[in-house]
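Next up is a structure, given as structure tokens.
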Amino acid sequence: MDYTFHWRPVFRKLPDLLQAGLVTMEVAILAMLAGVVLGLILALVRMSGMRSITWFAVGWIELARNTPALLQLFFFGFGLGAFGIHLSPFLIVLCGLSFNNAGYLAETFRGGFNAVPPTQVKAARSLGMTATQTYLRIIIPQVLRVVYHPMTNQMVWSVLMSSLAMLVGYRELAGETQFLASKTYRIFEFFLATAIIYYVIVKLIIGGSRLLSWRLFRY
Amino acid sequence: MIEIKAVKKSFGDLKVLNGIDLTVDKGEVISVIGASGSGKSTMLYCINALEPIDSGQIVVDGVDVHNKSTDVNKLRRNIGMVFQQWNSFPHLTTLENVALSPRIVLGKSRAEAREIARSQLEHVGLGDKLDVYPSRMSGGQQQRLAIARALAMEPNYMLFDEVTSALDPELVGEVLDTLRLLSDEGMTMLVVTHEIGFARDVSDRVAFFHEGIIEELGPPAQVIEHPQSVHTQKFLANVR
Amino acid sequence: MDAASVFTGFQFSDLRFLADAAGRTLLISVLAISIGTMLGCVFGWMLSVARIAGDATLGLLLDVFRSVPLIIQLILFYNFFPIIGFNVSPFTAGTIVLVFYTSALVAAVARGGIDAVPLNTRRAARSLGMTYWQDLRYIVWPIGLRAVLPSWAGVALGVLKDSALVSVLGYVELLRASQILITRTQEPFLILAVVGAFYFALSFPISRITARLERRWQYD
């Protein structure tokens, strides 16, 4: 083994890496928020049973779930380019991840709604609650309990998937690492450091989610 | 003959059995009663080597159950056991449930095993349910299936652990009738139960468990009708 | 379009090129899924047997594969082999990483399957005289398999899609092939649609079938 490790360049660039880690968090969280909103809409549309719009929701959901995320990113990159729409690398990543998150979350939410027995609505209404009160106080809390864990997983996926950004030229953590690694030729060292940063980010998300769940679900 | 001698067992810090002595003779039916958590189930598991013991000795037909050189699989063939939750194998039909262990444990042929299963299922009154999956049957039927499954190994002893506790009241009778049938046929049985009436009518002796020891042991006329210990009296007053 | 004079449009022979690449995607996926699943079942069993000790060692190690982006794992291992004196092809490196990645995901699923079998059902099996291995083979395996087959299918389909990432090592699988074609033909939409359709045609039916199996297997 005649390879010598050089960690100094990595240490020197550590602030850049950590900074890029924040960019990763930012884009992953934004894509998650967009995914939750869009996923909720898709789930409600799919459950509405209105023929004219369900096909759209179903198409989105199945495409997001049955093709590689990288392909989805490419689509928002040079796929849209074919129609003269040129998104910035940041927007490509954000749109691609949001599209994917929304597809998976829509199914999660649908499962969550289905898990609440319909008699719960009847029981709440029979106590004189309005439809809104029933949803806010009875249904949503129960749905949240069911979808909480899958949502945490999706957030982790959002972070892991955001690394695909390096293939469309966006410099979040993975992209920045590739940039620094190719400049210094310390590929292994840089990517190892980055792997550790990703690991820590994922653990923070899972830990945070667990803490939050203790507060949220007392029953 | 099952001989339980000074058996002690703990789960971590929790002492569950504090020195159990009991001998079950051939053909005898012993009912075990006592409060929840007093160690009744644990004793049954220990007889079958499903749980290890800390000290003491359990001897079945002259074989020391907890000796390292004992072949527990061979031993267990000789001791049938039925649990509170019926534990039917959900992925197998009624017939397959019963036929599986004769085939893979006793090495019977497929046809032989099915024949044994069929006759045992008829024995417990399930002759018309052979190709049904357990999830389609009532709790009482599943419990009788579990009994047939154990009988198919032709055991010399049967251990029952609160086999009617998880059943709806109207299903209790059919399972107790099956137990009575076995008792009439001369099966040696150790029955943990909360059915005091059954204990009184069917058993030769009744053992009252309290905090890991057998506090009272004797014929039902004595233990159930004229209990000596205050704990037994209290317990019986509560369950009646 | 004057672009057409510079680049050659999408030709019939390009379909052949894509089909070959699709074959390579299938090859590396099938390898990773089959070997990874076997390994994952063993790991899952070890985790379920060793409990806390297993979580603290094997569990922690497998968790790394699930907490670091696959693309980073691929680059890391591909660059690690030369360091220890091996030069491996992108295919070999990609397969090895995918196998371990798959096994880490399957281990969690397999452990869930084993834990899905109630303790007393296993006791019932042992009380009938079955050995530990007979209990595993005839009771735990069939019950656990039904409980987690949909999750396993999810993992397998995920690996099929994730195999696209081996393209970063320069292995010309389907997605990489599509990029090459896009650069030449400048017809990104068409090509991405064809490639997307391939993945979809493979993934969608399988996910549908397992969803249906899951419903049928609710022990009726």
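For this structure, a couple of remarks:
Every chain is named by a letter (A, B and C) in the order it is written, and numbering of its residues begins at 1.
The rule is simple: contacts are C-beta pairs under 8 Å (C-beta built on N, C-alpha and C of every residue); 3 or more make two chains touch, one makes a residue touch a chain.
Keep in mind the model is a prediction, meaning the values are calculated, not measured.
The touch graph of these protein chains is an open line.
Chain centres here are means of the Cα atoms, and by that rule the chain farthest away from chain B is A.
A separation of 20 Å divides the Cα centre of chain A from that of chain C.
Chain centres here are Cα means. That of chain A falls 53 Å from that of chain B.
With centres taken as mean Cα positions, chain C sits 46 Å from chain B. Among the residues of chain B, none is in touch with two or more other chains.
On the side of chain B, the complex with chain C involves touching residues 45, 48, 50, 73-74, 76-77, 79-81, 83, 85, 87, 89-91, 100-101, 104-106, 133-136, 146, 149-150, 153. Chain contact summary for the complex, chain A toward chain C: residues 1, 3, 62-63, 65-71, 74-75, 78-79, 81-83, 156, 159-161, 163-164, 166-167, 174, 177, 187-188, 191-192, 194-195, 198-199, 202-203. Those residues of chain C that touch chain A in the shared complex are 64, 67-73, 75-76, 79-80, 82-85, 157, 161-162, 164-165, 168, 175, 178-179, 182, 187-189, 192, 195-196, 199-200, 203-204, 207. Chain C meets chain B in the complex at residues 118, 120-121, 123-131, 134, 138-139, 142-143, 146, 219-220.
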